[in-house]
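We just call them A, B, C and D in the order they show up, numbering each chain from 1.
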Amino acid sequence: MLRRPFFWIIAVTIALFAAAPHGSDVELRESLILAAVYITLASNLNLMLGYAGYVNFGSIVFFGLGGYFCVYFMGSLGWGLASSLVVSGVAVSAAALVFGLGILRLRGVHFALATIGVNEAVMAFVTNFEPWGGSTGIYLSPELFQPLGGPASALWVIYYLLVAIMGASLYLSYFIKRSKFGLGLLSIGQNEDAAAVLGVPAPRYKALAYSASALLPAVAGGLYFFKGAFVQPADAFDLTLSTEAIVITMLGGQGTIVGPALGAYLYEELRGWLLTSETFANFQLVVAGVLLLLIVQFAPEGLMGFLYRRFPRLRRILE
Amino acid sequence: MTALLEVSELSKRFGGLHAVEALSFSVGEGEILGLIGPNGAGKSTVFNLINGVFAPSAGRVAFRGEDITGAAPYRVARLGLARTHQIVQPFAGMSVLDNCTVGACFGRENLPLAKARQAAREAAALVGLEKRLDAPALELTIAGKKRLELARALAARPALLMLDEVLAGLNPTEVAQMVETLRTIRGRGLSILMIEHLMQAIMSLSDRIVVLTSGTKLSEGSPAQVAHDPAVIAAYLGDPEMVRRPP
Amino acid sequence: MGKFWLAAVIGFSLAFPGLAAAEDTITIGMTVSQTGPLNVDSVAQLHGSEFWRDEVNAAGGIKAGNKRYKVRFVTYDDQSVGGRVQQLYTRLIVQDKANFLFGPYSSGLTATAAVISEQYGKIMLVGGGAEPKTYQLGNQYLFQCITQADYYLAGAVQALKEKNPHARVAFVYSDDPFSKAVVASAHKLAEQAGFTIALQESYAPSTTDFSPIINKVISSGADAFLGGGHYPDGATLARQLHEQKAGLKYIAILVAPDSPKFASLGDAALGVMVPSQWEPQVKYKPDFGPTPEQFAKAAYAKTKVEADYHTASGYITGLLLQHAIEQAGSIDPAKVKAALDKIDVTTFFGKDKFANGPKDHGLQVGHEMVLAQWQMKGGKLEKEIVWPEAARTAQMLYPLPEAH
Amino acid sequence: MLGILASLLDGLLVGAVYGLAAMGITFIWGVMDVVNLTHGAMIVAGMFGVYLLVSAMGIPAYAALLPVLLAGFFAGVALYWIAIHRMIGRPPLMSLLATFAVNLVLIGLGTATWGTVLFNVSVSLPGFSLGRYTFPGTHIMAAVLTAVIAGVLYLFLYRTRAGKAVRAVAANREAAELVGIPTTRILALSCGLGVALAGVSGALISTLFPFTVLSGDAYQLKSFVVTVLGGMGNPTGALVAGIALGLFEGLATPFMPVSWTLVIEFVLFVLVLIAFPGGLISIGRRRPAVR
């Protein structure tokens, strides 16, 4: 495992992310925080989309639920950050296991629609759930940043934690892809019926993958909404975010590990630049749309697919 | 001879259509049983009933004494019953080696990845695919894909191998090679249940033959007995009396 | 050789002092919802702030001590979503070196932006965040220039008490932070006023058809309707209440009826009231800055659209900052903050005073709402102020004509 | 009691419009296995079509229906060639993303030109009232026109050659090609019809409620729910499911807080997907739900 070059490429990426803003460049940190969140969402989505071939359209429900659990534990129950994050992650992946057993009997677009249904149902429920502030959402007071040394240093702590979560997501995708579980997932993705005939326990593997793909996004959601000191249903369960995660995975190249990560970084930089450039400011939706249309039509295998075709030797180094 | 596979009174109805009706037969340890019959006799349906792709409407299937009626395909495979598909179902995007490794990983011995790769290489070599291990499955010829189906099933080191027209679509030399491969496999104490239309191949390979027509068992016995059974001839060639009547 | 250049530079700078001092300017940063559902109100608020900036620069800039500072805006699109707000406000502070900040539109975005502004001790004046919670969390550099959500419908409840002390009230509001806070406090006030609460219903912001809810209003036998949400739902409610002849005598809807476009509903708009932070016809006597008429006329001249209270809120955030800088005589944040804390003034916008206790610093405690009503004036629908008594420009049309 | 009857009637009227809106998306899904995520934007285009025609040419709103229908048809054919043609036969995710991309472009252009300001088509027709409950004429007219349009679609599908060709392509594209049906032209025609349905449902909705550029999303989500209840790819099922959903909303509202109806709708949506892949009301063509 350690001999493989890609193992070290991930380590270098994490180190770069951690070192890049080196203490002063706050603006770069904020941009990299968004990139790290997108990479986490896309890599974990890839477990379902790229490996098992299941389009989880509503994957943002894990991110949102993680955010709500964590903010609730810290804001209303006064827990520490660490315990809130751990419990949020575990609670959401357990919930994903339960949801999964239900909707994973579906395939193709029916599964995609079901995930949208789950996300919208959870959002509608949270909007009426008073302990979580109902539609007002939950506000966090700045005092909660004190244990981390006040808002300034707290934002740095949150940044490094998010980079760690991003790294964990990349390694999770990497280890799963090289494991027997990963081989089983990939065979399900290729032809689920044939895989079952060969003995791959499809229902259990799909539920496990669905649950695994929920853990880290939930923790990332907890950090993200703790950082924003406010969570409301419309932000936590925003379908456009999970659609963007799909776009990113397709842009980068589904089924690969570096694909979603590269796609996330490029996408975040593009949207960030579009937003702050005068010429495109109010046309950034149009530009993003046209770009995606071209990719889906002419380079469906995404960036990595294109690179693998042009430089086949690359396949041995990058996964 | 203890029965490896025991099928008793198996039936399957799709709405009004009786695809399989009260079918019973068994496969002994180390035996090759041929399953023949005209198109639409329900042969592939029987396979799908045994390995759990369809749940039977009635009847019972036991494998090494354990009742597997209607069990999920992956449970049946885990017990050591592997099968190939009439229409090839390769994992197109994966390499030949990976295809076989899936079989080895999730078959009877549930091998860890490293050992599974080794078993996969052996199975691929057995069917003559050792030179194409890294090629993506979609690049293989139809014959290659047929071999891959077999290799994948073999990699699982099954106790019983169910072959669904593995010779169909092959040219004569490929048929000869495949028959030879089946003979070498047979030598390792593996039992085979085989659907085939190529009479001379199945007649030479099988110890016993079951003839199926429109879902029911028409006849059973050694290849010679079955070949001379008037009912079988009628089913295949029409009424034997016709041979004698003047034109 | 070096001395020659030195002399030239000095000579040059003496000749054009203004140029030499590179024009003292202060930078004010803010995000605006150019896209997404909050676009209408957020852009109106931006126009108000830009109108203030242009007037101040035309008059030579803000006078602080013996210096005059021109105002420069840097704005980014937050897409009505919290996701990018912190990245953009960090950019405003770090890269664009903003001296002061204006808040984004809506309470949710303000809370998220506050984490960044507080951390850098940057003063942020908020013209579009009515929800009080953000100011009760211990933030020190936030200043709410508009009335907080709790008092939005206070005027409507008192005005109803004068007209019909035994009213049966139906509260129907959108499931969003602002509307929920408004109705929660209005509910308490209504109970204290002795009204019977015939109905209390919240609806999803994405609701498109209100007929089932309106039937519920009719079944409840309510004769007064208080509620609504942000933009499209408020207008749909007004239209369907009219079409389904809900038989209400008194209707007050949040936000939507304040926009001039509301008149396009025709009869459905007649008699509908809206709590408003400011109306062109208010009669306040300003300590400084333009009178209400001057502001209204000048705003119409600039934007060709009658100013609504979002435009006025945008302008007042600028005016209050300017006043504080002039009082402090410097743009040093600590001095300006001290000046802002002491502000207790009346302007074209009305009274403005900030609470500065530890637990509610920056909360607006001075500004009063007015209640405006769409009335038919010479065949054209006009907004008139009908409450409070001091600011009234027309008698309240009560009860609503039979058409409702 | 009267209140409940009134709510049910309201539910029926608006449910019909939900059904019409959903017919557009289920039609395109049925014929070419494509989930058309531009559906919401096309509904909004229909709304703005009516607004522009009414305000520019002063014609009554209902007269604008035909031009919007035609414009929708051509927009649909254009959408087919721009986004969907290369996606036929490829995994559904591809067409999902292609139409999502076009949706982004449409929303971007719409916001840039009209902003998210409110538009209102003022139409008033005498309605009738039942005790204190009134049913606006516009809602009744919308339901009537919906029935007419659904009827025309039914006649087209089951009484014309082109309709038969469309149903053949829906059943099996390859087989249809083998018997000589120009499938590409039929697919383009179907996409045109689907978008025309979306456009005209938008036109009808614009006579009922004020709208903005962003109103499309709510209707798109509602159409998903209705499509699944009615059985994917089954236009008549969608109409009946739309009415059923409207009745449910009408019935549920008097008995519980309105905001909870949305929770129940989506839970029902997921359960129906799992338990009845063919949809609750799958009349007519039985399609294998899981492919």
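Criterion: a contact is a pair of C-beta atoms (placed from the backbone, for glycine too) under 8 Å apart; a residue touches a chain by one contact, two chains touch by 3 or more.
The model shown is predicted, which means the values in this text are computed figures rather than measured ones.
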Shared chain contacts [subunit A and subunit C, defined touch]: D
Of the pairs A-D and A-B, which shows more C-beta pairs in contact? A-D
Using each chain's Cα centroid, which is most distant from the centroid of subunit A? B
Averaging the CA atoms per chain, pick out the one whose centre lands closest to the mean of every protein CA shown. A
Take the average of all CA coordinates in subunit A, do the same for subunit D, and state the distance between these two points in whole angstrom. 32
How many angstrom lie between the CA centroids of subunit A and subunit B, rounded to a whole number? 44
So, in whole Å, the Cα centroid of subunit C is separated from that of subunit D by 38
Centre to centre, by mean C-alpha position, how many angstrom separate subunit B and subunit D? 49
Residue ranges of subunit D touching at least 2 other chains are 108, 111, 221, 257, 259, 262
Multi-partner residues of subunit C (each touching 2 or more other chains): 35, 175, 202, 204
Counting only residues that touch at least 2 other chains, which ones in subunit A make the list? 124, 127-128, 282, 284-285
Report the complete set of touching chain pairs. A-B, A-C, A-D, C-D
Touching residues (chain side subunit A, partner subunit B) in the complex: 179-180, 183-184, 186-187, 190-191, 193-203, 255
Residues of subunit C that touch subunit A when the two form their complex: 34-35, 76-77, 79, 81-88, 90-91, 94-95, 108, 111-112, 114-115, 118-119, 131, 133-134, 137-139, 174-177, 180-181, 202, 204-205
Taking the touch rule as given, give the residues of subunit D at its contact with subunit A in the complex, in rising order. 29, 33, 35, 82-83, 86-87, 90, 92-94, 96-98, 100-109, 111-112, 221, 224-225, 228, 232, 257, 259-260, 262-263, 265-267, 269-270, 273-274, 277, 289-291
In the complex formed with subunit D, which residues of subunit C make contact? 35-37, 39-40, 43, 175, 201-204, 206-209, 211-213, 215-216, 218-219, 231-232, 235-236, 239-240, 243-245, 247, 256, 259, 261-262, 264-266
Can you list the residues on subunit A that touch subunit D in the complex? 49, 55, 102-103, 105-110, 112-114, 116-118, 120-121, 124-125, 127-128, 243, 246-247, 250, 282-293, 296-297, 300
